[in-house]
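By written order: A, B, C, D, E and F. Residues from 1 in each chain.
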């Protein structure tokens, strides 16, 4: 079997290290610099010839620099004769740009998928894409992992008798509906509407939430505006408690400030994006997905089924 | 400006004719045969050199023959030096195969999009794709039309005071939610679950429907199994009347038999797929989308904005 | 060496089973269904990750469904990370559409070859293409097998002193000429002319056939119209007996009816397409090419020469 | 309409000039040199920006230099922003490499077709490809012209009562059979066999030629070995006279020497390759195809049907 | 002729406005935003259907955001059916990454060129690429403009009797040598060596500079480290005065601080990158290249020769 | 590991043999012929299925035949199922066509790189490309070797106290500057100017050469015109002796005649192109690079670092 080499982009070295520990291989060194004209420079510092290369890079801010750095690392690995180059992108931010809801915009989720191919990505390993259809944007094989088992097992240890899963957006309810079914609890949905560029409004909650503990579930939390609206409305509708859960805890802009002032029992996020010390709210629980990525890499390398993990 | 030539595949010549009438051009003749070994044969019977060619083919059964015939017509037009070949596919059936919800299946919506490109399609003109993300599967420009204005104006002439829009599947509620907002009425959603290959179950209706007239809205009705489940449950929940509406009235298998036995006030479908005489239920209303396609073709040919139609 | 996995499309499972027996591997299971809107659905039911995958699908009627099913199986295998996907197409029906003898038609033999590439076929294994040039339509490696050794060894056991090989079409005489040379007998040729879509006429037989036993040889027999014309003319020219031989016994439309009424000593066909019980004429001999395909697959997998088989 | 610019490679400027006279446009100047390391150098000496460019280059010896020069001229025209670049290749020599009749050779007819695409050829204009299937090797539109009308009208002025068309190779008889049908005369065929690299043998003539005037017809005459063998055998079989006709009069190697010693009434060739003064046999008639190419270019530029020429 | 539409990315709107004034067309509006997860969002606010679209974006810092924004604008224009999309990139920063001088790095100049193609760029309009070979990295037509006429005419008004052109790097002296020849003055060259990531050393000046006025010429000045080294060494070698000239005045990092302390008579730069008010050194002269870009666009649109500008 | 098979084109079999000796493998046989119409014909005479194939072909005159032959051998190897096909091109002549210094020419260095890709080259192994940027023209991995270690070690055994390296062209001085640095001696440069198609002029020598021994170094010597000019000028400037060195000793046209009349102490060339017996000047030393190529192939096959050679 071809030997694994794991490199890390500059976005989330801690996760890359944790994946390497799972695999029992050292993280291969690389250089990341910026020329004086702001061009990026990268160098892989170990021979990758005929190796099975994995490059871990999540699309946390600054997103464009991180995307670009990944493309350059892939290009370098390919030209240096790696036998296979797998992009490991725990959070593929551009999955949110997945449709043309206004004229003359870019479906950037597809555009970036095509850029991956151009740079020479052999395959993609990613997690909880904003919509399942984004898988189809890629022309290379994709292993689409999910943090749901980690989240479900976290909730599974609790009393769920009077719980309801709430998705803030009825237009994107698939994943919340799966979680609800897995936990054996009912589902409610916010009727979300975007009123301006940076403001959404939840018109209504479809379904009965009064007297229940609500698990508000979304795939990603960025500036937490939607979460604010939803939790406020849930409180008005008489919920007894609120847990907020997501896979991708981006927590950008006003997010931390907003979340710290809301009456939320617990905030749960996977570690697909780095959550710096300034974002460590007291009610925040971070769940590691490194073992899932590590196991998937192990199986890809050995030619074993990845879908069998779930 | 380059002159328009419109050809029709064998799936829906009536619609092609109607589009041609809107445009004021004759439908160009073509031959469609089958060799004795079942290979398809097509021939365009008019020169297309340097013309702006439109080929109208909907993906009604037999779907594979119709897809194939379209690919061959496009290939023939391209090799015969058409300056541009637009595939006009009112019902793109494979949009339903848009994600990988089981291991080792094909995301055929993307596969067929790639086949289009290979055959030489310059652009696609289609309507109400099963999910908006399927737009991103194509690597050629897509004009994604919608029958919503036609449906909305049909409903707009009615009394809607006590009406609610119902989507059978909370996992695919975006379009119904748009219709509800456009009509100014609330939204409810079925919690749909697939129990076996050919049977779905609606666990529950999220939202309060009692005492209301329900407009059950889906993008497509095939064997009508989902519609049956939904209307039965709605009756149990006390609706006062039911209207069923869809863009794509495939009405295959048991559909006509099932629909004729259900207590439905009106069934509404656009004419994106041909609805034969044996399917003409007394409560069926067919709304023509030929003017929308005709107008889009006119604007594409003249280089005017298509999004301005809506 | 990478492990072989053989899957079968729904066209000819018996041949796939026979090939598997030759190889000593089990046929891997797969699911083939049709959605209610007539979309095809397929699923490979075993992990193919890093395996050497072979998908056996012949292009017997319904041809388009079989082509499509193959493309989807290939796409699924590729996205499921097969290390190589070989399409095994014993009868590539579209090889007949290999030239542009009328304006504005599709050279579908090339189009389908391009579709194969788009779907992700790594290589093709096929037999007795209608013309040798069709090999050049493919941009993936092709192993082009022939049933001639099987036919020749069948004839080789007979007395051939007074025999002549006859090709119905002097415009496509290469293969018959090779067979004649291999058997050490002379060659005659029909001067075939297509008079309408479904009727050919043999103007004349070029060469002297009187008093000889004629082996009428064609690569494929579909509705047997050409064979009828040829045998009738041969009888007029005084042949003493007639054997009809082909690789691909499609036997569609009027074929069986026609052949059963002709005065033919023996009809010989390979099993590249399934010949159902309703087609089992008393004078029909079917020769199996499964060992040739099995041996080719074995050699492809082991990296041994395939041309050395012949 | 976009303005035509015609350039000539260095293979056949006389034909390019003649085509330009037909079109009433001047031949655009270009430079063709060779660097001291034998690299080719070409420069187009007139702006081609947004023009409809035609580059006339036939594949006469030195073939590889001529192919290469064409690729470079196409590349230069494309990068200089020509709106369309049509390669005009009257004799596409590599059409002869159209199948894999031995293991591990290149189907160079397809390879060169792919090189055309890579260099940026928009379309191909060519004549009498060795086999009709070679059309399918190209992934750009092809207008495949034929010199048959010119040949047929040349023969049409003669007495044909006792004439027969003879193809030297029964394995490639399609075109001769078409000519025979057009002239209303019978067809005979040589049973050609290649015995070594540079020697063929005609085993036999299939069909009765005694007492007839034979028109030996082939698409191309190179070293005239096949023609020698055929005419010798025809004489033995008692023909009363022999005319030799071809589209592509390459006349290489021993050809002129051989042809001058044979008892042939007339040798007819189109001017798709230049026939130098040293090759002007007394019984040679050259027929110009410049009007056919000129008319095709005129129609391509104006967007009129090319197939209507024939 | 197709109508021009010019859009501007967010890097250098002033230059885009100036180009539009030259062309006499208004700058078309577009929206550039950032989602809360740092994804970019762009929208073209005018229909581009069948228009000849130009998108002006220079690669000044933040480079990666600007590259990405350009790719998205191109993608949006293409999917919105622009007939042609020309990327106007006055400063293509990644031209500096044009070779592999260390193992396992990316030749990013080629990578970005490929990304352009993937996004749908029809052609590129750029200026003074770091090396002329970078033109060959692009697979779309490139019009490679130069600021040399503007620089030369600026110097042409001066007394040059005792002047010498100096290139800091003998390994990249082509352009300086052309300028010297154009001005009719001699050339000297620094023997530049990179000692560490951010420090270069000029070992020596090849050529005699004593007693002369030196025009130090480079294609780009970023942090001005090379210029510092060069001018210091020139002073030691006895030059009487120093003028510094470049096309791309990036002036990043320590550049302004360094340049303000050096004894330089004049600093000259084109306006290919924006030079903010904080960078307006007293001895800085900015020369506009907007007329060159405007004229090139005018000619591209009209199909006139661009090389004729120079 | 996959087994190596080395084939040789017809350009330089001696080098191929020497590389095979280094590797300890036999040179695999192949056939190279020319059809009577001047088409090339090649056949690989050993199975390459699943082998690691290397094809050695240098681009010496006749260049176009050699390029073509290589493309055909690659195509044949790919279609015969080689697992990887590496083109070994010691002298890539078209690297000289690396920029667009006149309008409407072809950057043939890029064009040929694209042709390689089309033919199916998996990777390129080459040496001392005319400019380092040409590496970026290839879209397959390139291992770019250099003969500098061989040259440097040849000079390293000499007394270099009073030596200077001279590049004839200051516009292409990078490599000479590296050699000078490696030998620890100063650098001078000719100010080369092309006055006509086949004549260059060296205006001046930048740097002080009087009283020194000059090593005139260029990557390639073709007709030796530049060398003549340079050595004549050096003599005028008072050098004490002259050594001429290059990687690629093409020695075409007047080269041998010119070099034999010049007062040169020693001429040094690597064996990247064959130097026939008629070119064996008495002062010529040929240095073999076969061990470098052999070692690179060994490492590529074993998956070891190639850059570690240098």
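Side notes on the structure shown:
In this text, a residue touches a chain if its C-beta (ideal position, glycine included) is under 8 Å from a C-beta of that chain, and two chains touch if they have at least 3 such contacts.
Keep in mind it's a predicted model, so treat the numbers as computed, not measured.
In terms of the stated touch criterion, the partners common to chain A and chain C are B, F, listed by label. Over half of the residue numbers at the chain C-chain D interface are used by both copies of the sequence.
Comparing mean CA positions across the assembly, the chain most remote from chain F is B. Each chain gets one centre point, the mean of its Cα atoms, and the points for chain C and chain E are 61 Å apart. Rounded to whole angstrom, the centroid-to-centroid distance between chain D and chain F, based on C-alpha atoms, equals 38 Å.
Separating the centre of chain A from that of chain F, both taken as means of CA atoms, is a distance of 50 Å. The set of chain D residues touching two or more other chains comprises 47, 79-80, 100, 103-104, 107, 114, 305, 307. Pairs of chains meeting the touch criterion: A-B, A-C, A-E, A-F, B-C, B-D, B-E, C-D, C-F, D-E, D-F, E-F.
Residues 98-101, 103-104, 107, 109-110, 114, 131-137, 139, 144, 170-174, 177, 181, 186-189, 191, 193, 204, 206-207, 305, 307 of chain A touch chain B in their complex. Contacts from chain E toward chain A in the complex involve residues 33, 35-45, 47-48, 60-65, 67-68, 71-73, 75-77, 79-80, 93-94, 96-97, 100, 102-108, 111, 114-115, 117-119, 197-198, 220, 222-223, 225, 250, 252-253, 255.
Contact residues of chain C toward chain F in the complex are 123, 141-143, 299-300, 303-308. The touching residues of chain B, counted against chain D in their complex, run 47, 49-51, 78-81, 83.
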